[in-house]
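Next come two complexes built around subunit A: one with subunit B, the other with subunit C.
After this line comes the complex of A and B, so read on.
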């Protein structure tokens, strides 16, 4: 779908552009991930406001996480989260076996060390969305083999 | 009739207040603050599944002798409060509901405005116009 490619290409350019600017002068590498995450945060806030405008009130935290895994993920990435696990004490693991932003990169271990850069924005997206729903969170991502990630 | 609209974020300070006539704003602050307690009560009642209400509209919060206060809470915990004159009996429930929907829609647009920082006071002409025309219809 044409619109999917739009976001994908824009996102990749965003990551590349930020790192290019970092090399040429201001800031070290670590700041780029923070910038990407903050961008994702603000976008997540706006998006979640739009997406929850017409939905019913959420019952509890689990309800919200299911919403993120199904509706939110589908609207942004055109697919649902493949697996959601929780310890019922505040930790949730979302597993996406074919993360859209990584599928174009590789199907294994190549480029693995670059994967975190491409996950930062999405981490911020989730954190921003949750924050506006009243949940303070820390969102991290890990990739062991592309394009799956948690 | 003096309808008043308030928009409040989770931290309970007002992001937006509009009253007609505008000089009366201050006296409504107290009314709205009291009504916030009622809002919190209703929300926590839903959380404990005492009330199975999945709607965002909360309805009449409480009537004082002069005013009726209505509430609406979004999923993002932003509260909209409207105060109308008790003597305004012509105003029906579904009209209030649709006014809240308009507020919610405009608020969503504000959130998506890149120049708006979540938590700031709302200073948007589009929002002002929407609120003004909405309240004019009630007067």
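After this line comes the complex of A and C, so read on.
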């Protein structure tokens, strides 16, 4: 769908623009990631509100995580999460083997050090969505080999 | 989904407003980002639409309005030519999806061009097909005008001056 291309490009520009501004200014990479994450947070909150307007109440945390993996991810990235693991004590690992925002970048280990920048927004997205569903969380991302990420 | 794009754009503008105090800086930043998007979007557009080469400025403006806007934003602005020389056009949008979730501009940001990204995108895309243009907002609904109007002025390339325009 054409919208996807638009969002991908906008996201890439955002990352590039923020880092470019940082280089000219203070040169603190950490703050850029925080800014991206907080933008994702806002968007996630808004999106989840719109998506769950008509759905039934969630039974428990696992139900919410399944919703995120299936419906939320499908609406945002046009595919489902490939693998969801949990230790039933509050830690969930979502694995996406072909993460949309990274597929255009590389298919292996090249540019691995730049990957986290592109995941910050999505982490914020998930955190915002969960927060509006009543769950406080910390979301981190890990990339070992593009375009898969956890 | 388009909502994701619109919401992300809103968050981006909000962040830029926090980072830059002056409206002009935010506008410039949005324009530059739009330019970066436009130079890449044109490839995507040409691949998806497979249109034939445009042979005149008015065909190009029409293509932008009827095909590109429809493809990416789902709206079709109306095109009108606003100069005798045939190189100035305006696209009139009566529905702008980018501002779906925006009610009004905050008081201290009165000269913010919220959709300045669009101008940059059009400018970047045109440049990649070797058409230099200036794109600005002539009217903006968020600032109280009746409609949103984008003006595209095609700048003459150096070699055009030798030929007579049809």
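Keep in mind that, in the parts below, the second predicted complex is superposed on the first by the 148 of 150 C-alpha atoms of A that agree within 3 Å, B and C clash if a C-alpha of one lies under 4 Å from a C-alpha of the other, contacts with A are read in each partner's own complex, and residues count from 1 in each chain.
Methods note: a contact is a pair of C-beta atoms (placed from the backbone, for glycine too) under 8 Å apart; a residue touches a chain by one contact, two chains touch by 3 or more.
Note that this is a predicted model, so its numbers are computed, not measured.
Looking at the shared chain after the overlay, A:7 reaches subunit C, while subunit B stays out of its contact range. By the touch criterion stated above, A:35 is placed in contact with subunit C alone, subunit B being left untouched. In the superposition on chain A, A:46 makes contact with both subunit B and subunit C.
With both structures placed on the common chain, the touch criterion links A:17 to subunit C but leaves subunit B unconnected.
Of the two partner chains placed by superposition, only subunit B is touched by A:57; subunit C is not. Of the two partner chains, subunit B is the only one that A:134 touches; subunit C does not reach it. For subunit A, the partner with contacts to more residues, out of subunit B and subunit C, is C. Overlap of the subunit B and subunit C interfaces on subunit A: residues 42, 46, 50. The part of subunit C that touches subunit A in the complex is made up of residues 1-5, 7-12, 14-15, 19, 29, 32-33, 36-37, 40-41, 44, 48, 71-72, 101, 117.
Put simply, subunit B touches subunit A in their complex at residues 10, 46-47, 49, 53-56, 73-77, 104-105, 107-108, 111-112, 114, 118. Every residue of subunit A that touches subunit B in the complex is listed here, in rising order: 42, 45-46, 48-50, 52-53, 55-60, 132-134. Residues 2-3, 5-7, 9-11, 13-14, 16-17, 21, 35, 38-40, 42-43, 46-47, 50, 75-76, 121 of subunit A are the ones that touch subunit C when the two sit in their complex.
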